[in-house]
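Below you'll find the structure I mean.
Just so it is clear, A, B, C and D label the chains in written order, and each chain counts residues from 1 on its own.
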Amino acid sequence: MNLTERLLWADISADYPEKPDVLKSVRLSMRAGEILGLIGQSGSGKSTVALAIPRLLELRGGTVRGAIRFCGRDLMSASSGELRHLRGNQIAMVLQSPMAALNPALRLDTQLREVWKAHRREPWTEGRELARALLAHMGLPSDKAFLRSFPRQLSVGQAQRVVITMAVLHRPKLLIADEPTSALDPITASEIIELLRSLNREFGTAILYISHDLETVANLCHAVAVIREGRLVEYGPVEHEFGHTPEPLRLANALLQA
Amino acid sequence: MRSAALFFLVALNAAGSGPQWGGELRFCIRSQPRSLHPALADSESAETFRYLTGGVLIRVNRVTQEIEPELAASWNVSKDGRSIVFHLRTGVCFSDGTPFSADDVAYTMQVLMDPNLHSPAGDSFRSGSAPIQTIVRDKSTVEIRFPEPIAGALRLFDQVAILSRNSPLHEAAVLGPFRLAELKAGSYLQLTRNPNYWKTDGVRRLPYLDAVRLKIQQNRELELLRFERGELDLLSGMDAEQFARIVSRGKAWFRDAGPALEGEILWFNLNPSAPLPDYEKRWFASRNFRRAISHAIRREDLCRVIYEGHAQAGVGPFSAANRFWFNQKLKPHAFDLRRAQELLAADGFRKEGGTLRDSAGHIVEFSVITNSGNRARERAAAMIQQDLAALGIRLNVVTLDFPALVQRITGTFRYETCLLGLVNVDLDPNGQMNVWLSSGAHHPWNPNQTSPATTWEAEIDRLMRAQAANMDPGRRKTLFDRVQEIVWEEAPVLYLLNMNALVAASPALHNLAPAVLRPQLVWNVDRLYLEGRP
Amino acid sequence: MRKAAVILLAAVFALSLLADFVAPYSYATQFRDAPNGAASRSHPLGTDALGRDRFSRLLYGARVSLLLAPSAALVSVVLALVIALLAASSGWCERLLLAAADLFLSLPWIFLLLAARALLPLNAPSLAAALVSFGLLGALGWAGPSRVMLAALKQHLGSDFVLLARASGCRGTRLALVHLAPNLIPLVSAQFLIAIPAYLLAEANLGLLGLGVPEPLPSWGSLLRELESVPAMITHPWVLAPAVILILVVACLYWAVSADKHNV
Amino acid sequence: MNAHSRLCPRWLASVGKRLAWFAAVLLAGGILGGALVRMAPGFGIDERVLDARLTNNSVAELSKVPAEGSNLAIYYWHYLGGLLRGDLGNSISLGRPVRALLAERLGVSLRSLAAGLAMAWVLAFSVALLLEIHRRALWDRALSLAAGVLLCIPAALLALGCLQLGGSPALALAAILFPRFFKYVHSLARNAASAPHVFAAYAFGERGVRIAGLHVVAPALPELLALAGVSVSLAVGATIPVEALCDSPGVGQLVWQAALARDLPVIVNVTLLVTAVTAAANLAADVGRTLREVGS
């Protein structure tokens, strides 16, 4: 197999101080522009995978073992400075609860500026234009008043769009979306899914989509991985998974009994 | 002159070439003087300040304890002891240049005797009801007339700093070696040389030192620390622990100058109106009981354990430091447990199962109050507690803060016995009239009596009045010796010990002649000099 | 770690209780031939300025301190609880409590302590005198815990289970006894436990200022007065023993309490 | 935005009410402080009566209870009248205007207070923040332990220790205050830093220092305001014993001496001052809390 064409190749084991072996050699591989769905029950280790890839797990007190290669670079041996440059720039994340992910004390403008300043030397005026365009693309108002508002003045759906805007501001190669719709009502959720699909289509962003919602995964993803108690139990393209057998049922089975 | 001879000797003792001019002497005083007015000096720190800045007519030499001329070149005391004529030095000026004359002495006496001022120095002149007269004979002669003869009045002028009648600076114009330059509240008093000080070393005007800085420092530990760091030049009134530390370091000059006038005493509350049970009053009223307590106290242990030997067992109101007035025939009450038990048995006390009971069966238990915060005193109380336990007496130690203690001993009389320090400013027994007369406010065990409660107090009253009216020192000594004997015999106050004057100084300081009288190290401040410090 | 703390506390407590058997001498016996003695076989921690055995004094002192601090803590917590309950009963009372708490933190209470001591009979046993002043100290310490308890009470009063109780027609006193009291117990006990080391420290501070337990009765605070001179510390390191024990015990108490809080 | 405009008048009303309470507490503080001094044993006693040189007349004169103490209510009424004119009365034991005494010493106290507070704050703050940025478990434990041990040392002992090391009262204050601040700031920083938005900021690759400033400190500002208020009153309370122990010529030492001399006017003034600071600190804490509630 040619490793260079891979965007991400990982073999991850992870531990928490009081809970060792949360992940037991979970192997994932993603191509550029691919959407991979990661499915599992609560507590199966899905979120740990999401945190382990950009090496953020250490911030939550965990440790990662194994190998993570991203665009040919070894993330396990990368310095903290290199990792910082990667995060938000090449690998971005969208977290579960959009309200909590925004700083309650800062205006949206400031928060977007901070994300811009993290990786660019250009003045924020330039970044602001880009951000406004993106906000408009997300279906949000992009006027000054909106930028001057505080997170508490947004709805949850708006907040998630802002978070996604922040995540794609630097056109990352990989977007890790950890249950981005679980806090949303069904209508908003489907809007967000559409948004992710359009990002994938227009910017070629690869997405690691983590969820326990089978239908969405089947709908959105090119490939799917199923994780249970820290082990990978199923892994393959969606065509394969859903092509031959009565689709969602088989997957659900895999989830429940494996 | 005798003083000059003494200074000459001291100067010979000092190493090195000759005295150096200039430099700043630094030492600590305990508190900021309540008032800098010389007539109102009421604490050791205020008196030190007055000593350094004030000019006096006569000075009691702190080493020889003799009277020496200062601003008064000579004087005559009339035969009847009612008048003193001072012949003043001429050509002397106050620090601001105002000339000094007999008018200033008259003015000083007038201020001092102001009945509303309540000056301690002024009060010690007050013997009768009639006022003191000051008569200016001419510019350099002044006569002081007393309504009735008071022996030892001359010595009192050692505490009278002369004020200027005419100077616009009022009491800030001084005649002493230094004048106040700056006062930083709670922090220090900065003194600089008085440019017009009248004494010379033969050529130049004294003092040798340019300045004195009096740091206000209550904490003795800090004072010691500063001394060790070289921020201070001298220490006096140290306790034994601090002295041992200085000695062990071996870097500073130090001396145990021998027993000072200060001492520790314990007295019984003999006030008949005190709110105490009658049987307790009967114990304290019994001479046998008081003497028994005294004989049960191991004074030697107190001196050895608490003061590491730098103290002497107490005998009476004056220690041996007071060369003239101390009664040489008296010895401290000896530790003698058997004698104590006999004395108690004579009064019907008996020991039952380790506790002493009086003839009516009351358990003998009483308290001693003392001020909190004085470690040596608290230790002494604890030691006496153990000593009395040998007689079966239970002594409770109660420490109170000072105002509460004073209230009990002067106002409410709600105490049984009291352990306190004794400070003597004056060497003459006349300074203690208020202590020994039964009508005195300072009669410790039973103040302000309308008529003497006991025959021995009546006898003390008679003796004290007789010695005060007599002008013959030898006769006065005989009378006061008898007072000391009565107090020794009756033991209303137990004299426990007298502390030694422990002093230390920087090796750079010369001409030191430590005295046991205050101010112990700086009494000859105009002759002190510092070597090798500009 | 927590176990170690508890074991140490238990050991100190047991030793202080058994002081009569463990201590080689009485706390007041003066060996006047050996004042300021070095540590030796007969005096494991040396002797103090009066020749009293420091080890024995440390043991008896522990007993005094470990009696005084919890009694003061108990007084303060009980008082705080009563005041907090009163304050929770009406808004007016609550404002009064908060104002009083502000006041209590700034008044010169030292005078009250002095007055209390002056009112005691002169021949009152020294332990009784100390108990009275520490009881008073505890009574003055209600303000802090009371604020905490009031906050918790208000939270409980606004909670669903109280609403439910009210909805089922529960009366005020019943509400307080049946529904609120059990919820307050862990809080009150935590406040009590946290107050003990605080009063141990208060006793030490008072002792260092010379306002503590009267002589010759030892307490940790009065033993600390030996530390007023540094050279003693350098040449006689064993004078540090009371300070070390005090700090250890306070640390263990804090440790045990904070670990306890985590468990709750 | 809407919420703000509705809050304003209510805010004003509550501020007015609070100020009224503040004044009432202050007045009560003065009279209670005065009553405590008046009741204390030894009130009206002048130590000078022990001077054996004084005549019976002088002793009797000095033993009179000072006019201030004869009727506390009247004294207090006159005092309040004087206070409005800026006259703080005269010290009994020092015989000088309290205003002059305070003016002489306030500078020293404020300097040590400010220096001690600043030292404690800066140290507590920077240590807590550095621990949050670097997250080394060992360091965390070591520093928490050190601060914990400091917390277990009696304050008077700390002051004595600083004194022996030749330290200033400021150093002693810092040593007393630091562990208390650190404990609070550390847990505050811990909570603030574990907030999801901080995590998100890390995920966006923002720099550690900027995260600390904008995402950790900024949201905690109301709490820090509350802590600042409490810390000032804590520091003021600690200054009196520290200055008394360190023999520093500040207000604390003055109060200590005044307490020993039962100096009613000095004590009443300082009680008022301390009450004002304490009440203001609690007010600040309340405002901080309100801000946080409005904020979230």
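Assume contacts are C-beta pairs under 8 Å (C-beta built on N, C-alpha and C of every residue); 3 or more make two chains touch, one makes a residue touch a chain.
In this text the structure is predicted, and so the values were computed from the model without any measurement.
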| item | value |
| --- | --- |
| Innermost chain by mean C-alpha position | D |
| Pair joined by the larger number of C-beta contacts - B-D, A-D | B-D |
| Mean-CA-position distance for chain D and chain B (Å) | 42 |
| Whole-Å gap separating chain A and chain C, where each centre is the average of the chain's CA atoms | 54 |
| CA centroid of chain A to CA centroid of chain B, Å | 88 |
| Chain centre separation (chain A, chain D; CA means) in Å | 50 |
| Junction residues of chain B - those touching two or more other chains | 221, 225, 400-401, 404 |
| Shared-contact residues (touching 2 or more other chains) in chain C | 114, 117-118, 228, 230 |
| Junction residues of chain D - those touching two or more other chains | 40-42, 164, 245 |
| Touch relationships between chains, expressed as pairs | A-D, B-C, B-D, C-D |
| Interfacial residue positions of chain D with respect to chain C in the complex | 21, 24-25, 28-29, 32-33, 36-37, 39-42, 148-149, 151-157, 160, 164, 233, 237, 241, 244-245, 255, 259, 267, 271, 274-275, 277-279, 282 |
| Chain B-facing residues of chain D, complex | 40-43, 45, 47-63, 93-95, 101, 104-105, 108, 163-164, 166, 245-247, 249-250, 253-254, 260-262 |
| Parts of chain A lying in touch with chain D, wherever the complex brings them together | 54, 56, 58-60, 84-89, 92-93, 95, 97, 100-106, 110, 114-115, 117-119, 152-153, 163, 166-167 |
| Residue numbers on chain C that touch chain D, as the complex places them | 95, 98-99, 102-103, 105-112, 114-115, 117-118, 197, 201, 204-205, 208-209, 221, 224, 227-228, 230, 243, 246-247, 250-251, 254 |
| Contact set on chain D toward chain A in their complex | 1, 135, 195-207, 210, 214-215, 218-219, 221, 295-296 |
